[in-house]
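One structure follows; several queries about it will come next.
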Amino acid sequence: MNHLLETKNLSVDFHTAGGTVHAVRNVNWHLDAGETLAILGESGSGKSVSASAIMNLIDTPPGEIVSGEILYQGKDVLKMSTEQRRQLNGHKIAMIFQDPLSHLNPVYTVGFQISETMMARGVSRAEAQERTLQLMERVGIIEPHIKIDAYPHQFSGGQRQRLMIAMALAFEPDVLIADEPTTALDVTVQEQILKLLKDLQQETGMGILLITHDLGVVAEVADRVVVMNSGEVVETGLANDVYRRPSHPYTQKLISAIPGSGELAQPLPDSTPNILEVNQLCKSYGNFHALQNASFTIGEGESVAIVGESGSGKSTLAKCLLRLEDTSEGTALYRGKDLLSLKDKELLKIRRDIQMVFQDPTQSLNPRMSIFDLISEAFVIHPDILPKSQWKSRVAELLEQVGLSAQHMSRYPHQFSGGQRQRIAIARALALEPKLIVCDEAVSALDVSIQAQVINLLTDLQQKLGISYLFIAHDLPLVRDFAHRVIVMRGGRIVEQGTVEQIFEHPQESYTRNLLAASLHPDPEVQQQRRQERLLETA
Amino acid sequence: MKHVFLKRALGSALSLLGLVVLVFFLSRLTGDPTALYLPIDASMESREQFRELHGLNDPILMQFGHYATDLLQGDFGESIRRSAPALDVVLEAFSWTLQLAAITMVLVISAAIIVGSLAAFHVGGLFDRIATFFSLVGASAPDFWIAIVAIVVFSVGLGWVPTSGTGSILHWILPIAVLFIRPFGLIVQVVRGSMISALGSAYVKTAKAKGIKNRSIIFVHALRNAMLPVITVAGDQAAALLNGAVVIETIFGFPGVGKLMIDSIMQRDFTVVLAAIMVTALAIFIMNLLIDIVYAILDPRIRY
Amino acid sequence: MTTLVTPAQATPTHPALTTLRMLWRNKVATAAAIFVVLVVITAIFGSSMLEDIATKQNLRGRNLPPFDFSKDWLYWLGGDALGRPLLARIIVASGNTILVASGAVFFSLTIGTLLGLIAGYTSKNLSQAIMRLADVIMSFPSLLLAVIVLYMLEPSVTNLIIVLAITRIPIYLRTTRAEVLEIRKRMFVQAAQVMGASTLRIVFRHILPVVFPTIVTIATLDFAFVMLAESSLSFLGIGIQPPEITWGLMVAQGRSYLTTAWWLSFWPGLAIILTTLSLNLLSNWMRIAFDPVQRWRLEIERK
Amino acid sequence: ANPSDLTVVLSEELDVVEPCMAARSNIGRVVLQNISETVTEMVPGEGLKPRLATQWEDQGNGTWRFHLRNDVSFSDGTRFDAKDLAHTLTRLTSGKIVCETGAKYFGGFELTTQILDDYTIDIKTVPAQPILPLLMSTVAVVPNEAPEDKFITKPVGTGPYVFDEYARGQHIKLSANPNYWGEQPAVKKATYVFRSDSAVRAAMVQTGEADIAPNIALQDATNDKTDFSYPNSETVYLRINNGTAPLNDTRVRQALNYAIDREAFIGTILADGTLIATGITPPSTLGYDKDLKPYPYDPDKARALLKQAKADGVKVDTEITMIGRTGNFGNVLETLEALQSMFQEVGFNVTLQMYEVGEWNNFFSKPFPTDKGPMMVQAQHDNANGDPVFSMFFKYGSDGLQSGVTDAKLDKMIAKATAESGETREALWGEAFRYIYEDAKDVLLFHMVGFTRVGENLDFVPTIKTNNELQLSQISFK
């Protein structure tokens, strides 16, 4: 019998000025109906590229499918005509893209973009509209009948990701390729989405190809696992087996790097001076209050994490602090100066001190600048950081620190994987040697081993240079390991804040407790157990 | 929004005023219409009489005063050449121009968008090469060439359409066809360039993944993102047409505002020049306002 | 390093060389570039070499038809209404033509783009003022401007450049501003802001490169526009006047012979077309060569 | 279209259809003798003929008596009589409107009328105008009701045609006047359309869209069957500002004349049939000296003259500006470029500057700019009315508005001739022509020809008058 989807010996190259990149090499795996296959792997190991190959989305040239077959129900899609493949796309095989912001068309309403898939296949406008509303509701978009007419830029990162998911589910496809579908989602929403996928899978028997680095997600939903490294499949097996008995060194490294088990950080002494004091910060878009009376402080050398529901105003808060959005009310004192009312000139002077890693890394990198230009721009803007002769070596060093290599310097952003771009963004922020870094889901697209590397780097820098972090994340184990203090947000408000210990060990608010409870454990067996408990509860 | 609109209207009114003042004084620097109006061997007295009659002997500020007061009462003055109200003369010509410009631009924009987009879809392909070649030749060929060759071929040679004039629909075909060529060539190139970038975007991949037809990918997903420069350049071309397609009007005997404007300038018929400028300026201001509104419609991220 | 890379065989070379190699890959663009270089060379040296021959009249041998290869090569394209060799005249005229066209395009592009950047990126009031100024220029008939300027000053190359440059400003201004309005909302602009980049840097390093290809496309097409506008000014007697010559003037002069001696305006017209065509093909090539996302089209050897 | 209908394609749209502007050729072509008739009529080759006047006689003392036709009515039904003529003349000269005809032919003297009876009128001029009957051939008569201070928009005349409509930018329509006093014309309806481009005008006759295209360019006159050339009464010359050195030296001016190979222009840049001029008015003009030989092309002589002058200390290599008027006639630019190179050939330092008419006027009419150095202005002069008086005064009199000459002797000659009539006048003008020619007051060039394309079905031969009028009643169908 044929598998639902199978790749045989798939190899993909990219021809670039700097040489040929072998992004995917001889990859074999298969997916059956009703099954969830997780592709785990290092960031940049070819996961997204192989998915793109299935969807006929690789630009050839510069890309080239050097060898292999991709069999859908036994038929090699690579041999099909473009028209035949178009018929499959969206209908039989659907894909959720890794980077929702750039993959949504900025000038059309999300409603249109979701219903379009259906309308393109003859579903009537009204029906498509109806189904779009349902889908939006199912992926947890509140007030879908209003949001249906909003544009992508009016959504939060997590919301956009859910819209992507809704779009992919428009047709109950046979195969769903989900490329990091939950990176921007907080655990409660993540749970909801995973449940949605599971339910659909049960209803329709679709096969899910889940690309993720989140071992918790793997533990929750995956039946089998494929582990990729450097473009190759290094290990395959049942999810539990791979977790318990990883055979390949990379897999072993991965599993040992799982966060959430380390020491809790001790709160900083009370005497630490505050680097930032935020007071009653408010922000509204029209009538919608995205941020209401947010007040908190960050000490020198402190890491403050913000967790909370998707769409709760975390990114908005970050953008307000950096003056990328006008605030409605409130103050934010940076070392005594109110960031929000500073004149442009003075603002420019402290810009360097406060840096941000954006939630959507692709969009935050100028597509016309090489990686070297992007990172060294810091030195151009602030010539006192480094003499020109050392830029090259410093950029190389930064790239190494975030797990990339000096070779990447001459490449351009579009030639990287999602996680690689995120790391470039981090390197760029670090290049400025700021005092405070706002990380908006800065490590969400990284596999745990690289994640660990980056987190270690951040901690090191904090210890050496006294950098403070405002760390927006939904990955609770990571927050637990990294943060001194935690702020919990919901619906534009700060609902709870305290030290890691207070929040993780003694959460006060029920929302926080739910959040912690929804957190996934990387061990498939543990998750299995929890699932059963949940079932019992509902029964 | 209303506030923005008001401000815009006010700004436009001010610039119109500035334009009038500017043109009034500058145009008078270009000399006295007397010599042009009267026969070469007219006597000094009749020259003097003429100046007196048309108030050309008054100090220029006074002339402006008169003009401004009349204008405020809606009187645009008399055309010296035509001895008819300047505004009537202009409006008559302008209505022709407006029709011609509107029809031409609608055709140009639709055709250029289709051709440019398809060319961008297969960069370097056969269609792209052909489209690029012809649009570039069209955009840079002297228009009177095309006009005269068209007359020689289609009117004299084949007898399909009349050479020139205005009577029937047939009369419009050649002028529009000739007017079409240059803006078409230009806009095809702009569409092509801007579509190449748009088609390389990630959201186009999404559309492909959704199984959307190529037609929709090009004309729905990419095009709208590529439209800003297209609309702007089209606006510029439309403005040029509104200012009059002199060559075409001259050759095809089309009674538009371009020829009127040239003649009036050359003959120093200042009232007509001013009236013509005010009318076309108003049209262009309105068009630019519409274009700005279209920007905001095309791209929801643009807010004024 | 996680992905395998087979380095390209070529050792890293100077960027200029890489660019040249990319140019070479595209034969059409190469031909265009060669033509442009040729035109520039004739523009610089042509007039001094052929000045005398180009003005030598022979009334009785007027309107000599082209392709008479028994004659001197300068007459291969025929002779004009005064019996002067067209080829020589085209070569001599290229100097003024290119000077006027590139001057006008350069100034209108520079000024227009700058104003457009300002209008798109700065305060609403300033932007309003600039946009209304553009409205005014757009509605000011270029011919009137020409008459005024050239009436008050002499009809010279410089003044002609001024007139043409002013009238072409709005297109660059409006295009730039429209694009800036959109680009300034992009995230990488915000990222640059966060890094503390000055407004100047944001505008010139981040926004301008995105707008520029479109501007260049328009500019290269404007080359033809300017040459032809200059032609109609000459025709009306307010542009460049003989004994100075430009292609535009030649086209205008040949106009009345179009049905009887087509070559008089055909060759200079063709020169205009070929120049524009080449410039545009080059700019189309540049658009791809300087866009990292598209560059692969030129880096890959076509099979 | 109806076989008795005719379409004329003109090169220029009419600003107004006002009879008193009929001296402007584009208006005259439509109005003169079609809609409005003149008092007398100048017929080429035959001289002055009666039209609305049957006869006239000189009463002496500057008074002329005109006897008018008594069987004429205007197209609005009112009868034509002496009052109408008196009113027409007042309208021309009152200054309440400034008319082309008035400004061109009725400047410089006082004119009063006295109505003797309905069909007899005395017209008195101070100073006396011996050529008043000739001047009356330019006066298009309007009815008494025509407003004195406003232009007419719907002309009413006595002519064989009635004005029907003027659709601006599109056409003017006339139709035959059923009550015309004279013969009924063959052409029953006429439409005038306007195209500035000569090639298009020619093409329109070719395709049958039009029947007559006056004024097509030499290049477009390619068909012997349809294209007629005719002397168009225009004379091209270079007006020399005699006052500025080195142009104040006769030898230098003569050298300019000798330097030009006039023959070379004809049949090349200018049409076959173009005549070389020895006077500023067409050869048919009173007193034109047909015995004068044009300056021959003699570059050696020119060089010799220059050398002589130079030897006498004349700065012959001063830069002389030749000022041309763009679009003045077909190939004006080529003509001037050729002239320039001919001048340079013999050693002049001549630069050429072309100006559009508005600016050109500043150089052509007084006061002349003073900062330009020695100047020659290219101009074209039109005098189709048979007498050189205005040409002489304006172009050569010391007070003439476009005269580059200040010569007391010539002034006297002009004054004398002006006051005379008959053969004496002819002889005196002859002297003046000769004097101007011999002293090389300017560079006389060509009497031009025009081309008219006439549809093959028409029986019509254009004449020298076709430049200013186009009498539809003279056209018939083959």
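For clarity, chains are labelled A, B, C and D in written order, and residue numbers in each chain start from 1.
Here is the rule we use: a contact is a pair of C-beta atoms (placed from the backbone, for glycine too) under 8 Å apart; a residue touches a chain by one contact, two chains touch by 3 or more.
On a predicted model such as this, the values are computed, not experimentally measured, just so you know.
Annotation of chain A and chain B: jointly contacted by C, touch as defined at the top. With each centre defined as the average position of its C-alpha atoms, the distance from chain A to chain C rounds to 46 Å.
If you average the Cα atoms of chain A and of chain D, the two centres end up 88 Å apart. Averaged C-alpha coordinates give centres for chain B and chain D that are 38 Å from one another. One finds 46 Å separating the Cα centroids of chain C and chain D. Of all residues in chain C, those touching 2 or more other chains are 147, 151, 185, 236, 258-259, 291, 293, 297, listed in ascending order. Within chain D, residues 199, 356-359 each touch two or more of the remaining chains.
Counting partner chains per residue, chain A has residues 153 touching two or more of them. According to the touch criterion at the top of this document, the contacting chain pairs are A-B, A-C, B-C, B-D, C-D. Those residues of chain A whose C-beta lies close enough to touch chain C in the complex are 15-23, 25, 42-46, 59, 61-62, 101, 153, 229-231, 319, 322-324, 348, 351-352, 354-356, 358, 360, 363-368, 370, 377-378, 380-382, 403-405, 407, 412, 414, 425, 428, 432. Per the touch definition, chain B reaches chain A in the complex via residues 201-203, 205-214, 216, 220-221, 224-225, 298-301. By the touch criterion given at the top, residues 55, 57, 59-60, 62, 81-82, 147, 151, 235-238, 241-243, 253, 256-261 of chain C touch chain D in their complex.
Considering their complex, residues 1-8, 18, 185-188, 190-198, 201, 205-206, 209-210, 290-293, 295-297, 299-300 of chain C touch chain A. Across the complex, chain B meets chain C through its residues 7-8, 11-12, 14-15, 18-19, 22-23, 26-27, 29-31, 123-124, 129, 132-133, 136-137, 139-145, 148-149, 152, 185-186, 189-190, 192-194, 196-197, 200, 228-229, 231-233, 235-236, 239, 243-244, 246-247, 261-262, 265-266, 273, 276-277, 280-281, 284-285, 288, 291, 295, 299, 301-302, 304.
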